[in-house]
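The structures come next, written out as structure tokens.
Presented sequentially are two complexes of subunit A, the first with subunit B as partner and the second with subunit C.
Here is the complex of A and B:
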């Protein structure tokens, strides 16, 4: 009965109530959206690398090395000489080591030089391996393997010729050396999807005529001649290392960090990620704080709306009193109205959130590599929704108590 | 394999100013913050602990008086009693099988080169060779380093490590821990108030 009355009362004031509900809905969508992006980003990052014990690069910061070598974001780290790489590779503790060489691009995608071992050793999302959707690994100097997004965006098929450019977003292209697509990787949801993979020797080959940074004068070195050349790489960007026993990780890390011939840095991917979250955590908290304030603002708006409606509803309340409603019933009704508004607002907010997720999911994935899963709300999110509704009930108590006092004073008569 | 050995050893590295190859480098040293590395594989848990001398004995000069030496001796003996410092959750059934602790005296340069000069306290020996070395005055600090091996009945049941460590060393405020387990690598800060490491 009271529920029906409260609902009817809301319907009767559809416009103001509708605006209030919309404000609550948008604030809830924002609040949950921030939470989704936050957890989505964390999971996407954590899923990108697994099974690698150490990442080795030039001495920089552990976060910088991780971001550049694995996620291809942030500033480039210095290169590591091939000699140091071999010294590490020859260590007894090292089970496997995969070199990575970055710095070239193909259209908007990064080119990564590595060895075929990368396809076996690189693991993501809790130990899953890379799969070939089509074709196979690198067999020839001019073979490339492209990630799923590269193939999809540029419409590549196995066997297509491509041109690899020198430097990122550079206009000079290495058009005298044709590469061929040997394989296309299945979608992984990691930066590998947006990478063109070639052999380390190929990286050297495309720079044969570019010793000074610009294309040297005279005719280009013929492809046949390049094939005869010694394409042993001089430097790499980083290396992924797996050790034989986990107990040796810290020992090897210390050896690499204290390697005196060259300033090197070895980081544990999991530890570096946690370091990143410690930094990002401050900004995350600020975002959560701001979006919580937006929810609070919407609730205060609702409170103001109820307050301003009290005067125009004094007659209505007098009638309720006349038909036998106690002042407590009136208080309860106003709180119930507020709870209804908040609940409808929260539900609508969830709808807006999922609609937004469906629209922005592909974009966030393509632009930032952040996968926002569309799944049922987590327990935590349900708790947040519950908290919003509770807060609405509390906020409505203030005008409801005023209504309670007014109706005590007014009784069945209204003196306006 | 039950090898519990005691080593009190002091290495004095050359001040960076006089490094022969012109290579100068310093490490980080923060009072009140110890570093712990912990790796779990099979039934074995290995730990490396690095604590500033300040945290353990309350001073960072080279121990010279009898009182200083006794303090260092006591601290090392305490660091050797692994089961009084670290408490694994019971289900894992871990027991210490190896413990080693030593004191390093750094004379401003923390980098360990092959050509480092080494000086020896008391009757103890280390692997750096026997060379006389004159001490320069400068930014000097000391560091206790300890290494532990535990054997566990079931490392998959290993979920938490508590640190009664803080009860024995009152100047220690924080341990920065890095760990590697089957579930991957991670890091955590353990402090006096929440002296517990939860492995994910």
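Here is the complex of A and C:
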């Protein structure tokens, strides 16, 4: 009955209570949303590469190497010569090696030169392989395989011609050498979805007439002539390496890092990711801190609302006292009231969160490649909700203690 | 002699830090089932006396006995429970929780008094009976208390005070918010029910005209002395 009366009391003050609950709900939705985006981003990143033991590139930072080779974020400072690549490929420990050549773009998507082995060796989300939604791998020099997002955004089908642009934000197009779409990959939720894949030789081919970044004057070399040329690349951007035995990873890594012909860097993807989290962690903590402050603000708002209601409810308190309620009961009722508001607010916040997820999930995936899973709240999230309700109970103790003192002093005799 | 419903002897009380308002009551008693009208203006110590009788505050010295129990010997929490078990309270106005149903309001004291609850038995039926006897319309039990007229609210307050037949009913100017005609009916109903329940009634008012309905009429200043320390 006390529960029902406490509930009735809240409903009787529907407007102020509603505002307070809305504030709590929004703050909880924000708090959980930040958490969702954070874990979603982490999982999306962590799911992007698997099965690769080492990433090799020119010597820079391990995070930078990871970002440009796997996530297509940022650029390589330098290349790896073909000789170095072959030296590594010939090492006894190496089971497989897939070269990657970056630097060109198609519309807003990056172009990556590699070999057909990439489609077999690249693994994501705990060992899943790339699948072709349509078509097949690269068969011809001017064949290309595009990721799911590329095909969807640009409306490509197998057999469509496309033209690759030089550089990343360039209007100079390699329009003398159009490509043909040979295959479209199934959706992976990784940067591969937003990549146009061509053969290493094709990267060489479209740069035949280019010297140090500018198109040389004179007529373009005809395609037929290019097809006859030796298109062995001089350099690549990076390489993904798998070793025969995991025990050999560190030995090979050291050998590559100490390679004397040119400065190289080999990193374990997992270790580089950890380093990345350390950097991102600061921003994450700031975000969590800010959203926690928003929750705190909402709870302080609730505290103020209970405070301001106390005066007009002194008569109500007197009735409770008259029928035998102790001051402790009155204190308990105010805490119960706060817990009710916080619980309803938290529940509403979860509803807002899921509604928001449904709206923003496709957008976050398309724009940032972050997959925000819509699933039942995790234990951690439930703990967070519990903590919010606990905090509400604690915050309500301040006005509740005042009500306690008031009801001790007023007793049942309040004149209104 | 049977235990008095209420008995005060050599009571002295002063509010802590309230301008030093102090009250003494050498002796005052109320027999079982007796009805007494206590006449007093506001500021005459009425509220303080009622707080003492209801065990909201404890006397500094002397005894306040309700049904033979000295309230001063009870701890704070026990006094609250004792009040719930033994005293029905009716205020001047705003007696009810407006957001609660009438039934919730009437049954509220039982929530804090297990013995009274036991005495009642079927509490809903008893609440319905009281409502009917007090002339409240059918189906009033499920109405939110805030929707009733003032007169109806006061009758619901009587039902709440009387449920479980507590030995003492304390009414603080329960009729002052009612017009003359309603006042009469209200008192009529109140006395019929208290007689039936065997409860003693202590009513405080400044309205002498109510006096002929009571067994005794006492002026507050005859039993209580108040002093206000020079501020």
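The working rule: the second predicted complex is superposed on the first by the 409 of 416 C-alpha atoms of A that agree within 3 Å, B and C clash if a C-alpha of one lies under 4 Å from a C-alpha of the other, contacts with A are read in each partner's own complex, and residues count from 1 in each chain.
Everything below uses one rule, namely that a contact is a pair of C-beta atoms (placed from the backbone, for glycine too) under 8 Å apart; a residue touches a chain by one contact, two chains touch by 3 or more.
What you are looking at is a predicted structure, and each value in this text was computed from that prediction instead of being measured.
After superposition onto subunit A, the modelled positions of subunit B and subunit C are compatible, with room for both.
In the superposition on chain A, contact of A:376 is made with neither subunit B nor subunit C. In the superposed model, A:12 makes contact with subunit C only, not with subunit B. In the superposed pair of complexes, A:367 makes contact with neither subunit B nor subunit C.
Angle at subunit A (Cα centre) between the Cα centres of subunit B and subunit C in the superposed arrangement: 110°, in steps of 10.
Using the contact criterion defined above for the overlaid structures, shared-chain residue A:258 touches subunit B, although it does not reach subunit C.
When the two complexes are overlaid on their common chain A, residue A:250 makes contact with subunit B while staying clear of subunit C. Once the two structures are overlaid, the count of subunit A residues touched is higher for C than for its counterpart among subunit B and subunit C. Nowhere in the superposition do the C-alpha atoms of subunit B and subunit C come closer than 51 Å.
Looking at subunit A, you'll find no residue that touches subunit B in one structure and subunit C in the other.
On the side of subunit C, the complex with subunit A involves touching residues 47, 50-51, 54, 56-57, 76-77, 80-81, 83-85, 89, 91, 93-100, 104, 107-109, 111-113, 146, 160, 172. Across the complex, subunit A is touched by residues 23, 37, 39-41, 44, 46, 48, 111-113, 178, 180-181, 184-187 of subunit B. Within the complex, the subunit A residues that touch subunit C are 1-2, 4-5, 8-9, 11-12, 315-316, 318-319, 321-326, 328-329, 411-413, 416.
Here subunit A touches subunit B in the complex through residues 50, 53, 245-247, 249-250, 258, 260, 268-271, 274-275, going by the rule given at the top.
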